[in-house]
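By letter and in written order, the chains are A, B, C, D, E and F; residue numbering begins at 1 in each of them.
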Amino acid sequence: MISSVFFVFSVILSSSYAAMQDFCVADYAAPQSPAGYACKDPAKVTVDDFVFSGLRVAGNISSINKIGLSAAFAVNFPGLNGLGVALVRADFAVGGVVPIHSHRDATELVILVEGTVVAGFIASNNKPYVKTLNKGDTMVFPQGLFHFLVNVGDAPALAYASFSSANPGVQTLETALFQNNLPTEIIAKSTLLDTVQIQKLKRLLGGTN
Amino acid sequence: MISSVFFVFSVILSSSYAAMQDFCVADYAAPQSPAGYACKDPAKVTVDDFVFSGLRVAGNISSINKIGLSAAFAVNFPGLNGLGVALVRADFAVGGVVPIHSHRDATELVILVEGTVVAGFIASNNKPYVKTLNKGDTMVFPQGLFHFLVNVGDAPALAYASFSSANPGVQTLETALFQNNLPTEIIAKSTLLDTVQIQKLKRLLGGTN
Amino acid sequence: MISSVFFVFSVILSSSYAAMQDFCVADYAAPQSPAGYACKDPAKVTVDDFVFSGLRVAGNISSINKIGLSAAFAVNFPGLNGLGVALVRADFAVGGVVPIHSHRDATELVILVEGTVVAGFIASNNKPYVKTLNKGDTMVFPQGLFHFLVNVGDAPALAYASFSSANPGVQTLETALFQNNLPTEIIAKSTLLDTVQIQKLKRLLGGTN
Amino acid sequence: MISSVFFVFSVILSSSYAAMQDFCVADYAAPQSPAGYACKDPAKVTVDDFVFSGLRVAGNISSINKIGLSAAFAVNFPGLNGLGVALVRADFAVGGVVPIHSHRDATELVILVEGTVVAGFIASNNKPYVKTLNKGDTMVFPQGLFHFLVNVGDAPALAYASFSSANPGVQTLETALFQNNLPTEIIAKSTLLDTVQIQKLKRLLGGTN
Amino acid sequence: MISSVFFVFSVILSSSYAAMQDFCVADYAAPQSPAGYACKDPAKVTVDDFVFSGLRVAGNISSINKIGLSAAFAVNFPGLNGLGVALVRADFAVGGVVPIHSHRDATELVILVEGTVVAGFIASNNKPYVKTLNKGDTMVFPQGLFHFLVNVGDAPALAYASFSSANPGVQTLETALFQNNLPTEIIAKSTLLDTVQIQKLKRLLGGTN
Amino acid sequence: MISSVFFVFSVILSSSYAAMQDFCVADYAAPQSPAGYACKDPAKVTVDDFVFSGLRVAGNISSINKIGLSAAFAVNFPGLNGLGVALVRADFAVGGVVPIHSHRDATELVILVEGTVVAGFIASNNKPYVKTLNKGDTMVFPQGLFHFLVNVGDAPALAYASFSSANPGVQTLETALFQNNLPTEIIAKSTLLDTVQIQKLKRLLGGTN
């Protein structure tokens, strides 16, 4: 009783690989391509590949920045692979800060669901765009630009940040400069920071050289 | 004292249009292009173009689907234009439903922040992927596929949905079919639905013909 | 006598993988990526990978929709992989219908080569765009929107549909809803269709639950 | 009786510019952008913008190549703008030829609906892929590569070619070289063709210098 | 004598807007779109729109970083608009430095044509990739990541940098932080830099607050 | 002492595959995808993958075109894979010529660093854009169009050409037509060239048939 319109398209769409056209659940064990992870055999894909529970609870609050960050990125949420979206949960302690960072390939859209934060980004002509956000406000940080959030309220804050990439690169200024073995002299020359400042932050963050 | 490296790049980047390279805040009055709205003169852009408060409060709960939806799309949040992200706040009454719909150009990533919902999508081989989500769970609905959420708890629910497009088209099955003047006979032939059913829903939703 | 300009570029372009830059013939046995199938070794590619004869004859006419559909998609025509085009042949019996469906990632451009059909699509603001097409007419259905074709002539009709994707996903309303095990109660809540209607079409199309 | 789910999305989607998200019908009078033509005011868009009748009849058969070509491109079919598909109808007289050409930004997928042609493309490593096509066969010419079709049957032939671009650039070897004022000496040096040959074809095709 | 194949395509391709499909020379006076500048009327385009002489001579050497930078970006070279390439000439005095910066939307490929420099980039896991480049060497800095070049030779150096964007945003760490009115307290919290350091560099670079 | 903000993101970004998000160094031994080569295991990537010395010296000057061309393409410079940029060094002897060619997927931006050349491209409406370039001039050749460079000075010339693709296909007119076994009769019909001319160039360039 099933008509051939269904049959013909079924031939096309019910083969194991056809479903891949709808999604490409990450197979972390296979080599990647410039477009992302290889696809898991669609026959082995289940609904659990599209559901992620890692944002249920707050991340550990860091001692330095007083921020807990939990991410749902393609790197840990396989269903996102190839689909161009990702999500972060940010739990701010009082005084908590998301330090200045950028995403190499993604715009970020943040919604503050609890608390009061000062948020901002810096355009490539050096102009800052800064605003105090209240509960329910959203702010967009255009792709590739420095941005930050600072909890300026007297209570914890909670925000969700979504991204226009399934695996937004995060380059945080303080760790990019000071949590590796890039020689102090090179950092000094290419940032104008003082050697003493660089060495102090390398010690704090675990950098060497 | 400002070095010419800054000067030279300043020439490039401080002209009024240079800032446009970082963002393209929507000018709703000018003609659009296939890539989105025209850009507001960067000299007139302020931080308020990048901040949106329309999601602070719940949308009105509908009498039929018992759902309140509020959107931060490029169409009402100008800073999103061209940046490939958008956000919706969904407030579910008890029994509230986000009816089956699809987005012509966007993947959706939903996070449930309150309540318990059954969520799902249907792949193009007709296979449904359905799961009960609890507080804090996220689920991804791949681009262009039917999906839905049903509040199955005994309390209101709240979710945020982010999108891989600044203006994700929303095509809702029930309104696309029954809230216009598409002739009943054509709907019947092209969906196999009964004429009586079609006419009933046209009356409910305001369709004619 | 061959000049080194040819030689130098030959080094680049005559290696087995260099040809891959021009095309990526599908290797169905290897894992896919979000960008499509893996590429067959270019040394094994022949002209036959770029030619497809599956549209020579009409597809079987279905008993329900009286339509025969044959597809040249990357899933069965390996030369299309990665190239962003595909083709369908649609043979309409008298009264034949291409039921309401959408493509998750493709615009469709149809040309009617025999017969008279009513064709249309529904925009995301629910507005239908419907027209009677005569022999030789073309119509475009923008990406991701519901569309349909109904043979309203008293003779068979024939159309070719081309797509802006090598593997356009096809989501047909009637099979997406009624040819699987999605529970009737969920369908009812998320479409407003009556339970009796849903059960009737599940029986017709092979759905359960 | 209309629920607010429809109302809220209606606010978003029923403004005149909202429909633009589904399509961007070309406004030929306004300045273009790198993404294509500006969009016509959606309030003035009708179904006729999406339907084109220019392919109903054969194009004039040329005296030199014995081919008639008619195109449905965004440049003359406004509904295609921004949607990444286009179509050409090719009517071959006996002995008719589509001369060697390439498309700067599009793959071509041709279906032969009448006749017998030899078709082929040349890869960037100079390897030709050539095949005799019979009625109903399709062949794909990957983006940017030289390709051609020659009617080798003893009857007229008819083909439709679809493209992965709404306005595929056509660069035909013989007219690009010989139908302009590019100096003969430059052509000779940069093609190795003889001066006499160049001058002969310039005379035939209307070139100067 | 001109055949209709040329005629038909001429209709398509010789209208003033048809040429636009090949290029979109920037019209700086018109509103931009997310895809770049609006296109100049093709009838007014000349070869001079595609040629740029601004890189003939070295840029002024800055007193701080001892570097002269000259750019051929779509913002000053209109023919690049929409085409995804750009070029910078970097003249290094002895000890000259291209300070740490990133491009929001572009990969950079540098070729050193004179001198010896240390060049490097920092990945998003904080790992630096650093190398001494000699005359003729090229190095690639992937999109959106911090990178720098330091002249370590005892003579001037000269490099050309090409980009995968027609208008690569340049965000230089030292000016983004210290050449604006972003409050010192916010910088301190979101970078861990000391207040004294921040104030010193604000004075040097012209920042306030 | 390392804060959890660093820890959490470290979990994401320090896994071996996470670095892949920043780059995808080519693994030439694995199957390719439509997006390019597969990625080398990031744990085995070193700075040398991002540095290429193949452009240090001039390529061999060809006897026919008197041009030496050396390329840094993803096919021989693995760090470029997926990043959308590439580079060619062109050494012109006196009278040297880069023959007419096109790139199937890339715009070219050339900078002349020594000498005087005539450079040009031909638009798809057959209009040539030709200019004499002097030392330091740059010229852009839009994607997919025929272009050429001729050394018209009395000394050698040197140019660098950058591309908006990591592996720009090069289709050179003279070798595409005459350095293979495409039958003379087909070439004649599809180019209008004389048989004698075709046979002469096939002999010169090594073609057959």
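By definition in this document, a residue touches a chain if its C-beta (ideal position, glycine included) is under 8 Å from a C-beta of that chain, and two chains touch if they have at least 3 such contacts.
Owing to the predicted nature of the structure, the values given are computational and were not obtained by experimental measurement.
Most remote from chain A, judged by the distance between CA-atom centroids, is D. At the interface between chain C and chain D, over half of the residue numbers appear on both sides, which makes the contact a same-residue one.
Averaging Cα atoms per chain gives one point for each, and the point farthest from that of chain E is the centre of C.
Averaging C-alpha coordinates per chain places the centre of chain A 42 Å away from that of chain D.
Separation between the centroids of chain B and chain D, computed from CA atoms only, is 35 Å.
A separation of 26 Å divides the Cα centre of chain A from that of chain E. Residue positions of chain E touching 2 or more other chains, listed in rising order: 13, 18, 21-22, 32-35, 37, 64, 83, 98-99, 104-105, 120, 124, 127, 130, 142-143, 145, 169-170, 175, 179, 204-205. An unclassified topology is adopted by the chain contact network, corresponding to no line, ring, star or complete arrangement. Contact between chains, using the touch rule, shows up for A-B, A-C, A-E, A-F, B-C, B-D, B-E, C-D, C-F, D-E, D-F, E-F. Chain contact summary for the complex, chain D toward chain C: residues 10, 13-14, 18-19, 21-23, 46-48, 50-53, 55-57, 72, 77, 79-80, 83-87, 107-109, 111, 113, 120-121, 123-125, 127, 129-131, 133-143, 145, 160, 162-164.
Taken together, the chain D residues at the contact with chain B in this complex read 1-9, 11-13, 15, 17-18, 20-22, 24, 27, 30, 32-39, 41, 81-82. Chain F makes touch with chain C in their complex at residues 28, 31-35, 37, 59-65, 67-71, 73, 75-76, 98-99, 104-105, 167, 169-170, 172, 175, 179, 204-206.
Partner chain A is touched in their complex by these residues of chain E: 64, 97-100, 102-105, 118, 120, 122, 124, 126-128, 130, 142-146, 148, 150, 169-171, 173-182, 186-187, 189-194, 197, 200-201, 204-205.
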